[in-house]
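First the structure, which I've put down as structure tokens, then a few questions once you've had a look.
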């Protein structure tokens, strides 16, 4: 038989001023099964807690109901009190007679009655509670970081420096990401490579980090603490063990004119190449689609010239399976190309370039060695027009959001251009300037005030070529909407930042959610901006939304700290408020499967002694289940139940709703 | 007999509406005492059988409230609940149970005032509808029809 | 031998099946299900307009399942229930053969779900007018009249659960009525218990019921039970545009949702 | 034909088919006191609040330098919604000089259908007798054009030119092109007519007289 | 093969050469163009400037008649008419109010099942295959393909790919051996809507078009719209006024060129109807000075 104690808190005057706490205690004492009932000024205070502890001992209580504030406030406090006396903490429930009662109703009998009813409802729940034990899940203390841009690098280093193993995978031949392509960075104008490459080297040399470049996620199974990831290590046709990175092969390759991805196709590269001199790992890769050997089997220049004998034309993709406990997704973003814009010539004008292409023209390691020369004829442009919001904030083009980084990098581009071509002119067409970061606004003003960059508020309707000039037709909305026509030598489009084309398929592989733009979704926009809805998987950098470097790095460290916190325990403890299925009554209709937002409902085959399948039933993966209970209400045969909110508990609560209170009064 | 005071039960989710009701409390927004709150993790957890049970227990009106679309703590429980209630409401209408006695609402953790209004509105609406006499009269409907049938 | 018997015989002869469930005449002058486990009994196999029982209800029975290879004589509602239970993971393509009877009474052998889907599409029939008229009549009543109508109807219920046993979709091994912790539905035939049962039954079949009407035909006290599910299916079709029993990969509307689902009833 | 047109040119009050319900609409406007942007929304389904004033419409408009108010400014005035600005929009030259080339609409990032809004503003401008005087030429051309169709169901270009010139009282401005057009066989003196011309008149009767001009 | 044909007022008025060439081209491709019986004017800019329902009802009557005649497709060579007919059809499909109200206005049943082809659709779908092996290398002139507004805009209505830099005409001309220049005024407005009321504007807008075509070395402007063609061709006075110099670059219909490729004569194609003359009989266009002088004098005559 249940022996339940009821403890009514006055909360000073907060409850007692409108609720007759003594009377509530008295009414409660008449509920069958309640063996002790009292009221006290501050139940959460030390003496209050002691009062509960003593009563538990004295009356051999099996359950406790505390009538006080909201359980969102003090439920952990009182559960701890109960647990200290050896009772399972889930036998303690709180009845909210403050926020839901004394604070919202006037003093009077009805308010007291409501408090008493609330107590009774919770007494009925406690009566039907069952002991629950925190779920312990073992944790594999190894993290998988997907993406080797600055976010992935930062997350890997942070996690590794805390003493955990990290597997960092990068789909390109080298880590570094977009940051490696940048010339200088706003708002300090320090050289991007100078601050990035030491980090890249640190990753390569870190004893805890296994770097797998030229690799992608093939599939993922499991749940928090216990993922099993399969990684496709793409064949680079180089034996990485043997290769010493001398680079002779790249010089000997007869194919030389492949558009260079690292230079945003502003330069050329051979078919066997290292993306850029500081690449990590500094090992080449053969571009199979463009290699003469793979086309007709004839060419072997690289192989014959490799003194290390590292060229391996027969190399195959490898599938490698690793156990990891947590995953950081840091796959970054890409930008729209100039061909996305009908009104700016569908990419047919060579001197209309993207911001990233201009970045390469500015970079001292770029195709022009840092001189601004336009792609069509190599001349130094004397008039450059920058167009902000190219594709961003443009619902007609399907991109409603602000790409966030363009205002700043366009100011930087104009500034660097003016530094390199002091007699040149830079015009920027903009709609709004969004410079809300530390030292950002000052930076933009510097471009205007010190470097004479000309900002024109208006959008450009058309760019076309005439007599070797690019005619830019825009408008100055701050000048009575006067149409503006500028003859430019070069046009730079600050094109929209978008998710990678394969972001959606990666999200599906990882079972994380993504928004309509294919950016990955955080678990909560304010309070859980780093976690995904899938426990154990966190996000870092621009794969979640457009971000600049400081933000990406901050989020990466946040993701790392979430991961490190997870790894700090040997066993993962989870609230046992999860669903459980009854395998003997489940008929396996699996209509519940699609209601689970966490894909926690799995198919389990029940076999007889001979191994024949008798039936297939639903089984809840306790690692994935978050305890919403949607499947429970959904199951026709009541074969799923939610611990902590079992059918029996909630049914008892409802049964106790309006018990004729006269019986007790 | 004094004016009829309806008995209202509120089935609310823990993350939005329960917290919204807490906020009404911390903001000291006064509302009618008629409501008794039962806490669930999510509107998706609320079984339609519990609504029937509440009527059986003597409720005159029921509030079912959870997170606004897109706000669900569990991503989609409220969307499933929304479909469930759409269908359930149609069934009650067809059977002749006054579906106005069940009030569905989205109340977020920030909407303390909305919660208070919701309770007050529901109480006054149900007061106008009068006691849920259909269910109460059920106890008086004897099974005599069965008797008639057997005698036929 | 009739065409139907020929098809059945062939199935037995080439060893495709071990058990065939069809219809035969019974001693009361009506028809009832017949379980044929060898070709000798095939001459008892008949089909006429009196053969309405949805034989798919037997598919789920362990006694039947143990035979292994099965064949069923089914008309349109039966085929719909095949697709519906297929969408509920209860039957796989190739688990059984179906001798489908079209609206002119001609049999044809269907082997996979694709054929069944085509057959259903090509053999659509109108729902029975009487049922529709009664549904319309009830919908046109005032709420109070509807309540009176259904309390009267439900008060006849003797909780025999015939409606449950003939339903091809009531295949749960544990029905909600069988559960006593908590006692969701009172076991006795009381007004509240009856109401609870019929509401629960309707909700559990909402968007799943394929409208064979067996529940109504089986009811010993003539409660028009099929109306409840038919009316619910109507509203599901209106709200979500779904109809059960048409596709083997049917997405059950109550376990899916759309962001833009109607919510004008929510405050 | 010729008679008919001369008659109207001389007596514009008979030229009623696009504005004879003016009083009715005028009364409604007074009663409801509804702003022009709401009317635009009701009649075209276009929300002027979508516009964020990037100016791309003006930048691409082939005629923006002919206009007294830039296209994006028209939307801005509508957004503010004051009586004064509504009047300014309706009495602007801009709405008449617009060529409906659809460039603004094609490039608008917010997909505001400015040509449709402009069409509506034109009919509303006439209805409220606010049409810009400078636009008389253009309006007269539209009227002559519709008149020609109303009469014969098809455009009778020679008649159109004559009719327009009569309205514009500018007989000799452009007609001089006509001789060379005739020598190239490009103007016909006798109009081709739709046989069922009463049906065309019906269409005019039932549309222009029966709605506001928008949706 | 029978296809519906909506000539529109222009083809029966200012652009007889367009109609003549289109009909002969269709004939050569073994297509019978069936003129919509008792068709009426589409209403053009004037109708939609004044009244939306009128601008739907006028084209809809034509489409309804075409449907009644059992036609499944109708080719509309005039880009302006094409746009209005397409607009009416689209509104009919999308706007329930239009569907409800249209019937009593046009007094003809209309289902909205008909398909509308512009002249490029028509040429691509029915003519170009018949042209195989008929390429004539006498076309040594470079074309500036001019699309104007309504063939491509609004893109959502016309469903055109690459609406700001279309390449369809270029592809068609390529098949008959004509190379096209890349230029920037393909879809700029020529000002046709104000052709009579504000001729000065036409001069300016068309002037820019002609100037760019010429600057980039085009020998002719190829059009697919009678409004554009008449503006670019007949309005040379206003254009030259604006440009402050005489321009002799001709503006010709695409169908006239296709006709030549089929082997018709320039007379068949009614080259004599063009104000600014052009001829392919002589390979070198600039030698064609006699005609040019004639034209100049004509232009002057107009100006007097």
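By written order: A, B, C, D and E. Residues from 1 in each chain.
Definition applied: a contact is a pair of C-beta atoms (placed from the backbone, for glycine too) under 8 Å apart; a residue touches a chain by one contact, two chains touch by 3 or more.
Keep in mind it's a predicted model, so treat the numbers as computed, not measured.
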item	value
Fewest hops from subunit C to subunit D - one hop per pair of touching chains	2
For subunit A and subunit D, chains touching each	E
Chain occupying the middle, per Cα centroid	A
Inter-chain pair with the most contacting C-beta pairs	D-E
Of all other chains, the one whose Cα centre sits farthest from subunit D	C
Rounded Å distance between subunit C and subunit E, as computed from the means of their C-alpha atoms	63
Between subunit C and subunit B, distance of the C-alpha-averaged centres to the nearest whole Å	33
Chain centre separation in whole Å, for subunit D relative to subunit B (CA means)	57
Centre-of-Cα separation between subunit E and subunit D, whole angstrom	23
Where subunit D touches two or more other chains at once, by residue number	103, 107
Multi-chain contact residues (two or more partners), subunit A	343, 462, 595, 634, 647, 651, 655
Multi-chain contact residues (two or more partners), subunit B	48, 53, 76, 80, 84
Chains grouped in pairs wherever the two touch, ordered by label	A-B, A-C, A-D, A-E, B-C, D-E
Residues of subunit D that touch subunit A when the two form their complex	52-61, 64-65, 70-73, 103, 107-111
Subunit A-facing residues of subunit E, complex	162-165, 182, 184, 212, 215
Subunit C - residues contacting subunit B, complex	138-139, 141, 143-152, 155-156, 158, 176, 184-185, 189-192, 195-196, 199-200, 202-203, 206-207, 221, 228, 231-232, 235-236, 239-240, 253-259, 261-263, 265-267
Residues of subunit A defined as touching subunit C within the complex	585, 587-595, 616, 634, 636-639, 647-648, 651-652, 655
Touch list for subunit A against partner subunit E, complex	342-343, 345-346, 348, 462, 464-467, 471
